[in-house]
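Next come two complexes built around subunit A: one with subunit B, the other with subunit C.
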Partner chain A sequence: MKPSIVQLVKMFLLGCVFFALVTPLLLLLLNSFAHEWRWPQIIPASFSLRAWSVVFSDPHIWSSIGWTVLIGSMVVCLNLLLGLPAAKALAYYEFKGKSLVETFLLLPILIPSLAIGMGLLLTMIRVGLADHWAGVVLIHLLPTLPYTIRILRAGYENIGAGYEEAARNLGASSWKAFWTITVPLLFPSLRAVLALTFVISLSQYVLTALIGGGQVVTLAMIYYPYLAGIDRSVTAALSLLFVLLPILLVCIFELVSHLSRKVVTTNQMRDET
Partner chain B sequence: MSRIQEISAKSCVAVLCLLFFLVGCSTDDKEELEEQSENTSESILNQSWEDTLAEAEGSEVHFYMWGGDEGINHYIDDWVAPRLQERYNITLTRHPMDITEILQKLQTEKRAGKEDGSIDVVWINGENFKNAKENDLLWGSFTDYLPNYQQYVNKENSEQQYDFGTTIEGMEAPWGKVQYVFLYDSAKVEEPPASFADLAEWVKKNPGTFTYPEAQDFSGSGFLKHVLYDKIGIEALDGKEYNPSLLQQHSDEIWGYLNELQPHLWREGETYPSTLSDLDHLYSQGEVLFTMGYNEGRAERLIADGTFPETTRSFVMEPGSIGNLHFLSIPFNSTNTAGALVTINELLSPEAQLKKLEPSVWGDNTVLDINKLPDSYQEKLKDIERGESVLSADELQDSFLNEMDPEYTEWIKEYWISEVVQSGNN
Partner chain C sequence: MKWFNPETIKPWLLLLPSVIVIGFLVGYGVWEAIAESFREWETGKWTVQYYEELLMKEAFWDSLFLSMYIAISSTLASLLIGLFLTRVLQRYFMNYRWKSLVWLPMLFPHFVAAYLIILFLSESGILSSLFYHFGWVNEIADFPFSIQSQHSAGIIFTYIWKEVPFVILMLLPIYQQFSPEEEATVRTLGGNSWDVFKTTEWPSLFPVLIETGIILFAFTLAAFEVPSVLGITYPKMLPVLSYQWFFENDWSNRPLAMAVMIITTLIILFIAFLSFWVTQRRRMHIARGR
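Take a look at the complex of A and B:
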């Protein structure tokens, strides 16, 4: 009897989590097709494709999705490029002024990024990065990099320096040690960084508007003005697009990493035999 | 440790170099543009309209405007843009951006001395126009240069000279005109109130069915301005300068009236919708029976897309309905002023203005003087069915009130919380 109760509770909790995650999405889906939906109707009185046709007839929509994915991916890559060494240094090494560096790297979260953005805009205009996607990518590092460093640092601290050192002692190059030891062990943190930075980059409206100057039209630039409006169906349709993008990206990442791990393990087996 | 730092420093430098390189590619043509704009901006208003048309041909115009209304976006993308392309070979690109961000951008560009901006036309009015004008963010006085403005706009009219009390001086061209109306569900309300006194009676008899957006909201302060007109009187406010003694004299009446309403409002007046779209949502769900707002024709499309009940109608109350204009202007650092002028002129053409008036398109009233239009357009204008929810042109014209001095709005916003929300709920 006892395990079945535990199982029941588990099932119930799982059900709750599932319900909490899926119902809002279902509501959005229903709303995006609703024509008239007034309280106390449980489902909409009539349906229409209007909201979706509005969304996809916007001449900016496809290019904006493209830009969003492109900018988001570049932000993720830059985050890893800059975050991995910084996090490793903070996790493994002691040096003078470490706490100062730590605070400095966290500052962008503590100071409203808009305040920094306003100041940076002036510089970006002078340097020629304003109104350009490269400027938008750089400014998106502001709200993302501090989180990346935090997450990766915790990841590095969990692994400890030992494994990589052992690999190096056995003659692996630093690149091979990184690729075959650190990356697989750090995988959960990398996955978290990917999802988080992409979602943060995706939802930047003010910073994108400020630095991109309306020339760089991401999905947020189209979506946010509708949020303030009364048209719930169009807002719901755009919200769904907004949700789908990171989910798709994470799926692609999982697929790619799954395949690459397979390749790595088969290669290793071949090496051994 | 030092190696790691070296690597990270190297990668930083590499990334920055890459970015600069990518950006560097596009700076050459920018310099060319700059030269062009310097040549044009000084002489353009002295050359003939034909020369301007020739100069604008084949150019690209960047129109920055608020993007939260599907009907308006549609009108620009699918009617105006193809027309400009066809008639003048101008490519019009709409950029969705809020006016606050647009002004922020222009302000920073001004400080940075950037003369080759990316914006050619902006949609603007009121407070934002005042800010832009005071900070020299606008290009210049251009309206008299536009043929359609000369021909069809009644320049003598006071509404063409002042935008919320700021003198226009040709720095922006009128684009549309809206009036403040109340909307109600005729299936549930037989006879809407005819005056503010009636409204007070109505809410007492039907508690919880009426509310208005808070004073900080644009439409909320619009409602309160009507109360001011009602309590102080039209003669003292319409077209007159700010007079604080009037407010002192009448403040008891004004706050007294609002406090009288408060306990009978939606949720006993303990809270107010923070924006008009919140109130619209309450109305669309049948929680309240009234909503309101600028643009006398806005209910039509909301009915068509199922947001508002089909039985939605509009009304105005004594002493009248405040109306204002919205405008188009050119930023100080536009690189295609010729294209911007042609675009604005085209948006002021009778065809474009009539199209804009159609309820399924936008439902925004024309700024042209009807008497100056050719007969055929006068006919067409009369034939446009604005929809059942829109009041007749005569009724709207009879109740028309001008915007009052913006100082009054500031006063309302400043004291509404303490005089109404806090005092009433204590």
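Take a look at the complex of A and C:
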């Protein structure tokens, strides 16, 4: 009798978790297609594409999506460029002062990025990085890089140094060892970094507004005025864009890596025959 | 000397780009913020007047208490709920599909999460509509709950929804390492479920909980996005107050705005240092076998 009650409670909890995770997405979808949805209707009275057409008739929508994707991709690339070597060093080497460096690299998580952004603003204006996408990319490194290093380090620790060393001993260049051994093995970590970094970058309102000075118009910049408005369907449609963009990006990433792996294997097969 | 050994230098070379970028952004940014908070904005003379002024302002103290209250309660609630769910439902969360589902809230920007809370819990939201159909409210004004007042519940709910998945994803790797043998050992020695938790799980959970807690506390105390959507006009959370002062018509309040963020930084560093010290002491206890 007792185990079945425990099982029931677990099932109930699982149901609650499922509900909490999934209903927001459904609600946004429903809302974005709602034509008329007044209190106290539980579901909309009628549906239409009105909200979506309002969103895509906003004169800034496409350029803001463009800037968001561009800035987000630059942030992802810089994160990988900086994070991969740092994570490797922390995963495979023991050296003096290691724990100090670890703590140092976590500082951007602890110290408010708003404080840093405000402090950097005057200098950024002086050197021309303010009101420019490059300054925004730079400041977006603060809330992303510590997580990237963390995730990649765990990834490196999981695979261990052995495989790459073996490839090197068999005569592969370090470049080839990296692309054929490390990248495929690190794939789950790389995907996590891609998704998380991109999401964090497109979630930055205050840093982008501060450093971008209203000149760098990302999706977050046009989202806030809609938030203050009363048209819930339009805000819901815009909200969905934020969720769809990273999903789309991860899908593209998966597709490209799948295709490139196919190319690599067919090349290898050709080499062997 | 050993210094010239390439194997000694190599990790440093690998770390150098990240260290330079973070060192420059954080070091220079914080230094400039501190300098501007200690300088008279017109003449550039060094002064502590802004800190004196700040500490005399009631608006600052009200913001400080509000921020601490929101940061502490949403962090503790996220940790507790996350720990409870991970412990009870770990078997499911290790499944690939469930794990992807747990990732889902991570894909939502914080301001979108805040908007979701408006859709669900505001006076004219879904919950209010449901209440109407249950016959509990007759018109919008009857809805007993307000996301903006009532102890900033809207902000806290937003953070809980966003951070519980983060806590679960931080704790899952720990639970994956536990072996059933450890539990069996405690049980054969006559321990109950609580003993199992305390002796096998807690020692490895504790440092991760502390670390996750600090990350969440630092984030919620200093984040602008959620309170700027769901906050009330008075008192504001510290970052919102600081941002408002920063952009007020002339630049005369900029040093005050900087001072607010410097004090926020000090609070976070103090709490982080305190927790680090506690975990270190515990670790030494464990090492000594107690």
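One rule holds in what follows: the second predicted complex is superposed on the first by the 237 of 273 C-alpha atoms of A that agree within 3 Å, B and C clash if a C-alpha of one lies under 4 Å from a C-alpha of the other, contacts with A are read in each partner's own complex, and residues count from 1 in each chain.
Everything that follows uses one rule, which is that a residue touches a chain if its C-beta (ideal position, glycine included) is under 8 Å from a C-beta of that chain, and two chains touch if they have at least 3 such contacts.
Quick caveat: nothing in here was measured; it's all calculated off a predicted structure.
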{"item": "Joint occupancy of subunit A by subunit B and subunit C, clash or fit", "value": "clash"}
{"item": "Contacts of A:E36 with subunit B and subunit C, given as first, second, both or neither", "value": "first"}
{"item": "Touched partner set for A:A172, first subunit B, second subunit C, both or neither", "value": "neither"}
{"item": "Contacts of A:P85 with subunit B and subunit C, given as first, second, both or neither", "value": "both"}
{"item": "Touched partner set for A:R232, first subunit B, second subunit C, both or neither", "value": "both"}
{"item": "Touched partner set for A:V264, first subunit B, second subunit C, both or neither", "value": "neither"}
{"item": "First (subunit B), second (subunit C), both or neither touched by A:L110", "value": "second"}
{"item": "Contacts of A:V217 with subunit B and subunit C, given as first, second, both or neither", "value": "first"}
{"item": "Which superposed partner A:D131 touches (first subunit B, second subunit C, both, neither)", "value": "first"}
{"item": "Partner contacting more residues of subunit A (subunit B vs subunit C)", "value": "C"}
{"item": "Partner chain in contact with A:L185 - subunit B first, subunit C second, else both or neither", "value": "neither"}
{"item": "Clash with subunit B, by subunit C stretch, listed 27-35, 45-53, 207-215 or 243-251", "value": "243-251"}
{"item": "Subunit C-contacting residues of subunit A that also contact subunit B", "value": "39, 81-82, 85-86, 88-89, 93, 95, 118, 122, 138, 206, 227, 232"}
{"item": "For the subunit C and subunit A complex, residues of the former touching the latter", "value": "8, 10-15, 17-19, 21-23, 25-26, 28-34, 36, 85, 88-89, 92, 101-113, 115-116, 119-120, 124, 126, 128-130, 132-133, 140, 161, 165, 173, 214-215, 218-219, 221-222, 224-225, 228-229, 239, 242-243, 246, 257-258, 261-262, 264-265, 268-269, 272"}
{"item": "List of subunit B residues in touch with subunit A within their complex", "value": "1, 4-5, 7-8, 11-12, 15, 19-20, 22-24, 26-27, 30, 62, 64, 66-70, 73-74, 77-78, 94-98, 101-102, 104-105, 108-109, 111-112, 114, 118-119, 275, 277, 280-281, 284-287, 302, 305-307, 309"}
{"item": "Interface residues, subunit A side, partner subunit C - complex", "value": "10, 13-14, 17-18, 20-22, 24-25, 27-28, 31, 39-42, 81-83, 85-86, 88-90, 92-93, 95, 98, 101, 104-105, 107-120, 122-123, 138-139, 141-142, 145-146, 149, 154, 195-196, 199, 202-203, 205-206, 220, 223-224, 227, 232, 235-236, 239, 242-243, 246-247"}
{"item": "Residues of subunit A that touch subunit B when the two form their complex", "value": "34-39, 46, 48, 50, 54, 57-60, 78, 81-82, 85-86, 88-89, 93, 95, 118, 121-122, 125-132, 134-135, 137-138, 206, 209-210, 213-215, 217, 221-222, 225-234"}
